Amino acid sequence: MSKKEIKTPFFVFNPKSYLYGEELLDLAKKADELAKKYPISIFVTAPYPDLAAIADATENIIVTAQHIDGIEPGRGMGAVLPESVYHAGARATFLNHAERPLTFADLIKSVERATELDLLTIVCADSLKEAKALATLNPDIILCEPTELIGTGETSDASYIKVTNHTVKKVSETTLVMQGAGISTAEDVYRTISLGADGTGGTSGIVEAENPTQMLAEMVEAAFNACQ
Amino acid sequence: MSKKEIKTPFFVFNPKSYLYGEELLDLAKKADELAKKYPISIFVTAPYPDLAAIADATENIIVTAQHIDGIEPGRGMGAVLPESVYHAGARATFLNHAERPLTFADLIKSVERATELDLLTIVCADSLKEAKALATLNPDIILCEPTELIGTGETSDASYIKVTNHTVKKVSETTLVMQGAGISTAEDVYRTISLGADGTGGTSGIVEAENPTQMLAEMVEAAFNACQ
Amino acid sequence: MSKKEIKTPFFVFNPKSYLYGEELLDLAKKADELAKKYPISIFVTAPYPDLAAIADATENIIVTAQHIDGIEPGRGMGAVLPESVYHAGARATFLNHAERPLTFADLIKSVERATELDLLTIVCADSLKEAKALATLNPDIILCEPTELIGTGETSDASYIKVTNHTVKKVSETTLVMQGAGISTAEDVYRTISLGADGTGGTSGIVEAENPTQMLAEMVEAAFNACQ
Amino acid sequence: MSKKEIKTPFFVFNPKSYLYGEELLDLAKKADELAKKYPISIFVTAPYPDLAAIADATENIIVTAQHIDGIEPGRGMGAVLPESVYHAGARATFLNHAERPLTFADLIKSVERATELDLLTIVCADSLKEAKALATLNPDIILCEPTELIGTGETSDASYIKVTNHTVKKVSETTLVMQGAGISTAEDVYRTISLGADGTGGTSGIVEAENPTQMLAEMVEAAFNACQ
C-alpha cells in the first residue's frame, strides 16, 4: 500500500459529530458520486463507528477519521487505535483540531503512526505561528482555521490565505494548505480556492443547509470551477 | 428499545487496543458461541471502528464501547458520539477507565447520554472511595480495579471484594460489582466469582495467552461453574 | 496543628485571576479587618505566588489556594505542591472548580493531601448529582454552583438551595454548603444566606464593582446580618 | 523593564516539587552566592508559592516559575497567572515540561504572555522533531530532554547534543540550547557543556545528593570550568 494521492483542489466534507448512521451514509454516497464526476479529491469524515460502513459503500472518496491516538496496539482503553481506523477503511485522519487539541509530543506520535500506516494527515492550526511550527512535521495537509472564526460564517481573508500559504510552504514545500473557517456557501468555496487555498471544506454550511445533498454538490462543483 | 438484561455472573472480554480487525472478530464470534452455550452475559469490547463488524457478526454477546463522550450530536470533532456507538450495534460502554479518566462533570454527562440510549454503563473505580462516590450515579456495573494492580497478574483479595460489594450496594442496591484486576487464568475467574463478585473479565490474560480462544472459553466456563 | 474552625455563615472572597499584587493585598487587608469585626469566617483566595504576602499581612482571614495537586513532594514539574501552599500560609483550598476540573481519582488524592496538612477543602459541584457524589468524600465545604449560572448574575433559587443542602448533609452531615453562583450584590448575599446556605461568596460582583472595598464590606455585613 | 540577559554557560537548579520552604530557600541563597562568584547565569525554579520568598532573599539568580498559563488577568480559577508570577519576582518560566505538557495553541499563548512581561522562556522538547517545531517560536532557551532519559542518570550523548544545537539554531539563531537529561554529577555538567550545550541543570542529582549544597556548588563550578 501507499498513501492516496491528493488531487487538488480538494474538498473536505467534515460533518464532525452532527451526523451518523444512514443520514451520514447517504451523504457520503453522494460525495462518492461527486468524487467520480470531478477530478478532485473529496475527503469525508465520520465518527469512528461509522467509518467502516462508509468505506464499504464508497469507492472514490477518501474516508477520514476525526482523530487518531499515537499508540501501538496494546493497552490504551478508550483510545483511537490507528490500525483499527485503517482496517475500517479510513485512509486519512484529522489531527489537532481545536476541539481535540494535542500536546506537541502526542501530535508527533500521531503523525508518525499515521505515516507508518499510509494514512494522510490533515493537521489543524489555529494561528499562523502554529501553522509554521506544524509545517516542520511535513504533514500532507495543514488546515489553517483561526479558532475565532469557527462556526461564525466568516471566512479567512485573502491576505491571511496568502501569508499562510507562504509560511507553510516555505517550511514544507509539499504540504497542502486547506482553509476551512466559516465556509457556508458555494461562493465561499469558490472564493477561498480562487484566493489560493489548495483545498477547503464545510461542516455546518452543509449539515444545516436546507438541502445538504444539494449544498454538498454545489460546493464541490464550486471547488472544481475555481481552479479552471 | 430497552436496556439489555444482565445475566450474572457476567464476563467481560476486554481486549482494549490489543486487537482489531479479523483477529478480534474471530474471538468475538467465539465469545458469541459461549454466550449461547452458557446462561451468563458476555460483554465484548472493541475499538470504535470495529464495533459495527462485531455487532453484525454476533447475536448473543453484548457489544461494548471502551468509552463514550457525553455529547449530543453537533460539534465535537474527534469525540465519541454516543448515537454513533449505538447505531453501530453497541449496547454497553465502559466509562472512566484508569486509562481514560473523566472529570466528574463529564462522567455524569456520559452516564446520562448512555442512559438515554439504553446503553449499559460499566463505570470504573480505582479505589473504594471512588467506588462509593460513583455508586451515587447508579450505574449498571461498577468495575473495582485498584490501579496499582492493573496488568500485574495480582487479583483483588477476598476482603477487598467483600468491602467493595458492601460499599457499592449500600449506596446503589441494583448496581452490579465487577472485579477486574489481574485476572490471568481461569482459576482467577473462578475464585473472583466465588468470592462474591457479580462479574469479572480479562484482557492480557486472554490476548497474550498461547491460545486466546481456548483461554476465553476456559474463563467463561469458570465464571459459569463458580456460581453453580 | 489542626484545621481552622469555620464560623458560619462564612464568606468567600474569590478574586480568581482578576487580581494580584498590591491591589489584591489591599483588599485582603480590608477582608482581614472585616473578619475581626464580624464573628464569621472569611476566606480569601489568591493566585499561588500571592499567597505568602497575603498570609504575612493578615491574621483573621483564612488564606485559600485556588487548587492543589494531590502529589507528595518529589517530581511534579509545574504542579501545585500542597506543602508549599501550606508553608506559604494558606489554610484552605478550593478543588474541582469548573475552570479547573479534576478526574475523580485525582480529586480523591487532592482531598487526602489537604486533610493530611489540615487544609480546609472547598470542593465544587456543578450539579446536584455531582454534589451528592462529592459529599461521599466528606469535604469541609461543598460549593454548589450550577455551571450555567457562573458569571451571569443569576443566583441559585430557594428550591435549589434547599434540595442541595438536604442532599449533601444526608450523605455528609458535617459538610457545609456554599452557594456561589451569580452573587453580585449585598442583597444576593443576604438572600442566599437567608435561604439556608451555610456560606456564600463573590468574584466579579466585587472585583468589577465601582468600589470593590465597599462592596466587599457590604457583602460581609449582609452575610452577618442574614443570620441574626 | 526588559528581559534579563543570559550569561552562558547557564545553569538551572530545578528542584521541581522536591523542595519548598526553608530548605529550598537555603539552597536558593547558596545559588545566589554562586551566581555572584561566577560570571554565568543561574536559574532557580520554585513552587509558585515559594517564588516571592526566594526573590526577596536573592539578588543574582534568575528566579524561575515551573509553568505559567497563557491567560490575561480575569477568570481562570486555579490557573497560574503570569502577572502574579512576575510580581512575585520571577523573571523566567519553564513551559511544556514533560510533566506539564501543553497543546501547541496553549503553548503559543504562554510564550506570548511571557514575552509581554519580559519573562525569559525555557521551553521543553522531548524529541528532535519537537525541538525543531518549538524553535519556530523563538524562545530564549529550548531544553532538549528525551523523555526516556528523565531521571535515569543517563545523559544525552555527543551526537544528540550536536544535532539538537544545529537543528534549533538553524531555525532560531538566538535560542540557547539546554541539555538536561540525567545530569547527576559535576562531571555530567562538565561534559555536557564541553560537548556544546549552552547550559544545563539538575534536579534529583542535587536534591538527592548527600550534601545538596556542595553538589550545587560543584555543578556550577563545573559549568564555569567547562567553558574556560
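Which chain is which? They are A, B, C and D, in the order written, and residues in each are numbered from 1.
The criterion applied here is as follows: contacts are C-beta pairs under 8 Å (C-beta built on N, C-alpha and C of every residue); 3 or more make two chains touch, one makes a residue touch a chain.
According to UniProt, the chain labels map to these proteins: A, B, C, D = Triose-phosphate isomerase.
If you're wondering where the values come from, they're calculated on a predicted model, not measured in any experiment.
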| item | value |
| --- | --- |
| Target subunit D (Triose-phosphate isomerase), source subunit A (Triose-phosphate isomerase), minimum contact steps | 1 |
| Centre-of-Cα separation between subunit B (Triose-phosphate isomerase) and subunit A (Triose-phosphate isomerase), whole angstrom | 34 |
| For subunit A (Triose-phosphate isomerase) paired with subunit C (Triose-phosphate isomerase), centre-to-centre distance based on mean C-alpha positions, whole Å | 45 |
| In subunit D (Triose-phosphate isomerase), residues with contacts to at least two other chains | 98 |
| Chain contact graph, described as a line, ring, star, complete graph or other shape | ring |
| Subunit C (Triose-phosphate isomerase) residues touching subunit B (Triose-phosphate isomerase) - in the complex, by the definition given at the top | 96, 98, 101-108, 126-127, 129-130, 132-134, 136-137, 147, 171 |
| Complex contacts: residues of subunit A (Triose-phosphate isomerase) adjacent to subunit B (Triose-phosphate isomerase) | 14, 16-21, 47-53, 65-67, 71, 73-81, 83-85, 87-88, 90, 94, 97-100, 151 |
